[in-house]
């Protein structure tokens, strides 16, 4: 349902993405991996409308999305958990979550959604009155994911959700993401925990220097010798 | 010291303090949530006062009515100002500084446009009740003070409600803390900023009118008002609405008490001195403990 | 035959804090020029102004005075405003040997030894209440106020006003129960009035400018404070006092050196002009000042028959000038004999009440209680 | 060399650190792990002087530094990085690092020497090509390297590294591990590091401390810690233990 | 390459110093005097406001303290002209001393709060001078006129202010390149991080603040003697404080050249517009200048051109 066709993104004169194409099918969980500075974040931001793409097309259920403002794209049910969490630091945890359901379309029923998020992350319920800026790293990641869930996305894009989490918390996050996917949510997962990522996704893309270097079933990528050498440290 | 004097000084001090708070609340809002120090805020307040003055002297319309009527007018005007002037500088590296310089220029322009329209002569807002008072025992509640006080409570409550209880208000706060993320969750940055700015400016109108009920005003009066804006906002904490109201209360109390207990010559000095000491010990306003 | 115009230069506060007054002075000056040019000019040459806006900034007033003198090489200087600016510009005029006719900056400024400066007439705080006190002296002793509350703005004007109050209250045996200064801005006068009321002061001196004067009088009304007399410094001479304050401004006493009802030639013309042009009942004080300073300078030039500044000065020091403020001769300080007429605002007009021979209305004393 | 005794730190009602004792000896690489929010960063903030502890004492090289302001501790030789990177915005990389050199432990360097030294450190951390760029133009990994470079500029005796491995893929982690050893060997710096990446911490640290809810639950060699039941249940999780 | 700007600066200074010998009209000397003065004020302000990012909105206080201290010393000891001019130096020292006392508590306060504390400070000083008669009170102080020909006296004031300006700019230049400057920039970027980089932030902020108060203090003393009559309203004016900030920021805060550009442009434009027929319109044009420049060069004039040079 999400199709990215041959898009290019430039920062000034530097091309961060070159003719990148990608697809996420309904209900699918796809992986996007790549080294530092490969352009993963840039790609997610281009889909979300935060950075303008030149050339190519982005379409969502057949509808062309390119050139739309981020708030418009959010309205389509495409929600990103941004790199570095990007919480609203001077707002409480609960306000952060409520902000997730800002769009009028999802505002109704946000009460249930909130309860659901607290159920998934009881730690957030404990800290609901604390300012998000003073949360620990892991707590912030939970809040960011919780906020995204409040928007009840149809496509959830996660940018390195396990960054800075304890192994246990990271595993939990992966488990939750996996479960969300099993409940029918489409997911595009960017992560440096390549092994785990490829384990829970169906298909994967490898981005190198702003271009797609490889794509295919995750299981196949995991066995690929080049992936093994460059990304798995084996 | 005589109790009646003390209480009477406090009564008027506090009521006037609240009027300053009303004038300041929008200033605090643009500063706190948008990082725009809106130097021409008081000039817009003064514009509201002049409009109300003209409506009163020409059509006999009560300033309280004008305060309500000027709000949408200033709102629209402020939307235009935002679109044309403020928006371009929100991309500056240091928005606070750039916005200050820009709106300083705007304040000069507004001041002199007002001087051209209304002339430099001082004006006084004198509705029928201008120098009346409600008398309770030995105490006088001067009508202009009461009106200003009431407008202040209403205006500040409205802003508070907007920020804390409406989705738009929450989006405003979110957007200025983390614009990228806010956009990702459906916030239209441009619209939100414009609304915030315009709302702030429209409260300035009510503040200016209330202040004009208390003192005479001239095209340059906004310069003086601006100083009070800074004081109130800083004592209350930038962007803190409840703090702003309390700051009005506190500054009013200090002025009132020093009026009652000190030679008048020392009142202003003590007020500013106190504020300085206050800031040294509570550098982030009333509530915030520090970043 | 019109020769090269005579250029008269200097600066006025046309914008900023003192713009209102500066603009009235300018209007008065321009009216004078209109009149002179209509009559064939000065020394047979038309007159023309070169006016800079000093933005109510004293530093700028000084540099613009120097610009007028040294760059524009103007023929004459005109007098600036406010007193702080005049105080600084008087020194410049002296150094450049230029005649400088202005309001000056009260007595102290004329005592600095400047020989080219004239107060013609000055706005002299020290003299401001003379007329009022002389009138009060004519009131039977038992009807005079007994206890005074004196509130004075803490600036050169206010400080100079205290001089006559101290002298006269002693002489008239009025107890000064409250004698306090305040720094502007005076945002609220409630406490001032409550104090005066509690101390049973039956005369209130509000020695301030327009904004604080208004605040004080409005508080007096709101708080039902009814002394026998309210005396206001120079706030009540601004046209806005009667125009804006309306009835509440009534019965306030003050003084003046100029007044449209004075029986000196020229006043009628000025009044008629102002009535037609600005719809005011009488010319505002500073309009008159702008005019009368130029009038003095004009007579100095005519008397000296030259634009030579020293000659003009010497002529002025030795001859009498006849102005809308009456005839004046100047002493070594450049000052005329003390001038002051007592005024009271009655029915929205500043009436002359003393000396008796020029009286336009009977004073209203004691002041009627506030009507609500 | 760096010792803490009964360090307690509260935020309002929350006790972020509760009577924590620790010791880092010269030349060691010591790890600090614990669940998110267990107080690791807070401990670093207390050591570097950003937070003032409510209780306990800190000693460095035999001196009690509990009451020292942050800059004095840095001058004595405690360098640190920030978990959420905080480069000096508006200054390019050389300036970022050179500032540290100017004020660092070997003071008295002139502006030119400082730049040279800064370039040397940038080379050491692999940032030579980006030396003239500004921090906001860098990717996260490079910003983390900048954090390290800036801390090294002080010529520190002990370096506090807060999650400098986060966000790296396994291969990149390999080179970061190598950098860690190089720092110790080239600068003779003692290292105290917070890390969630087990691979990194297991292969670099000689000793690991574990915090949970602000309490030190255990301390020992990597193997000991990894097999500690409480560490497994609170931190590593069942999945990790399984593999 | 390094020498070229130094030579250029030296040439400019020599030319400026030679200007009075061309026997210009007094006004031009006075006008340049005020240009120098504002360059001094903006550049000194820049030491704390630009480099360290501590926006002082009360710098007129130091200017005024210098002015009143000089006038008071001149009156107290009946100083002759030369000594009156020299008295501006101890007056500057007094301003610097006040800066230490006031800076110690105030510099702990960051951002806009610091701006307002300094604003309050300026009011407090202003009102204190007005209320304390010994300091001149609300009456102000007259000074003895320099008893020489006008052109000569203005030339002397011009040269003295020029010397002060050169000294200020030299110090600003030195600070910008020194260890102190590097520390201040770090403070501006992130004070907490600066501390962990071994920078004694409290200490260097005070240093910068004291320097930034000293030169305005001396300039205030010279200004007092230039006017020969000073009043608190004149030298403690909030307008001066604000103008100083605007000049530095307008030109480009945190750089050496920025405040100079800002001060020169704004002083000249303002002066030029005062000649304009309709005063209000002139002010509107002046206001528009701020708006236009900020919209097109939001980070100040200098930064705009620097960025151009970087080719981005």
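Some points to look at:
Lettered A, B, C, D and E in written order, each chain numbered from 1.
We adopt the following convention: contacts are C-beta pairs under 8 Å (C-beta built on N, C-alpha and C of every residue); 3 or more make two chains touch, one makes a residue touch a chain.
Predicted model, so just to flag it, every value in this text is computed and none were measured.
The minimum number of touch steps separating subunit A from subunit C is 2.
Farthest from subunit A in terms of Cα centroid separation is C. Chain pairs B-E and A-B differ in how many C-beta pairs they share in contact, with the greater number at B-E.
Each chain gets one centre point, the mean of its Cα atoms, and the points for subunit A and subunit D are 29 Å apart.
Per-chain Cα centroids separate subunit C from subunit E by 36 Å. If you average the CA atoms of subunit D and of subunit E, the two centres end up 43 Å from each other.
Contacts with at least two other chains are made by residues 127, 131, 239, 280, 283 of subunit E.
For subunit D, residues touching at least two other chains, in rising order: 90. Residue positions of subunit B touching 2 or more other chains, listed in rising order: 93, 111-112, 115, 265, 268-269. Contacting chain pairs (ordered by label): A-B, A-D, B-C, B-E, C-E, D-E.
Residues 48-50, 69-72, 74-75, 79-80, 82, 86-91, 95, 98-100, 102-105, 111, 114, 150, 153-154 of subunit D are the ones touching subunit E in the complex.
The part of subunit B that touches subunit C in the complex is made up of residues 2, 4-5, 8-9, 11-13, 16, 111-112, 115, 119-124, 126, 130-133, 140, 142-144, 214-216, 218-220, 224, 255-256, 259-260, 263-265, 267-269. Contact residues of subunit E toward subunit B in the complex are 55, 105-106, 108-110, 112-113, 115-117, 119-121, 123-124, 127-128, 131, 238-239, 242, 246, 249-250, 253, 280-281, 283-284, 286-291, 293-295, 298-299, 303. Against subunit E, the residues of subunit C that register as touching in their complex are 11, 14-15, 19, 52-55, 57-60, 62-64, 66-67, 69-71, 84, 87-88, 91, 94-96, 108, 112, 154-156, 158-159, 181, 183. Subunit B makes touch with subunit E in their complex at residues 31, 37, 85, 88-89, 91-94, 96-98, 100-102, 104-109, 111-113, 115-116, 223, 227, 230-231, 234, 238, 265-266, 268-269, 272-273, 275-276, 279-280, 283-285, 291.
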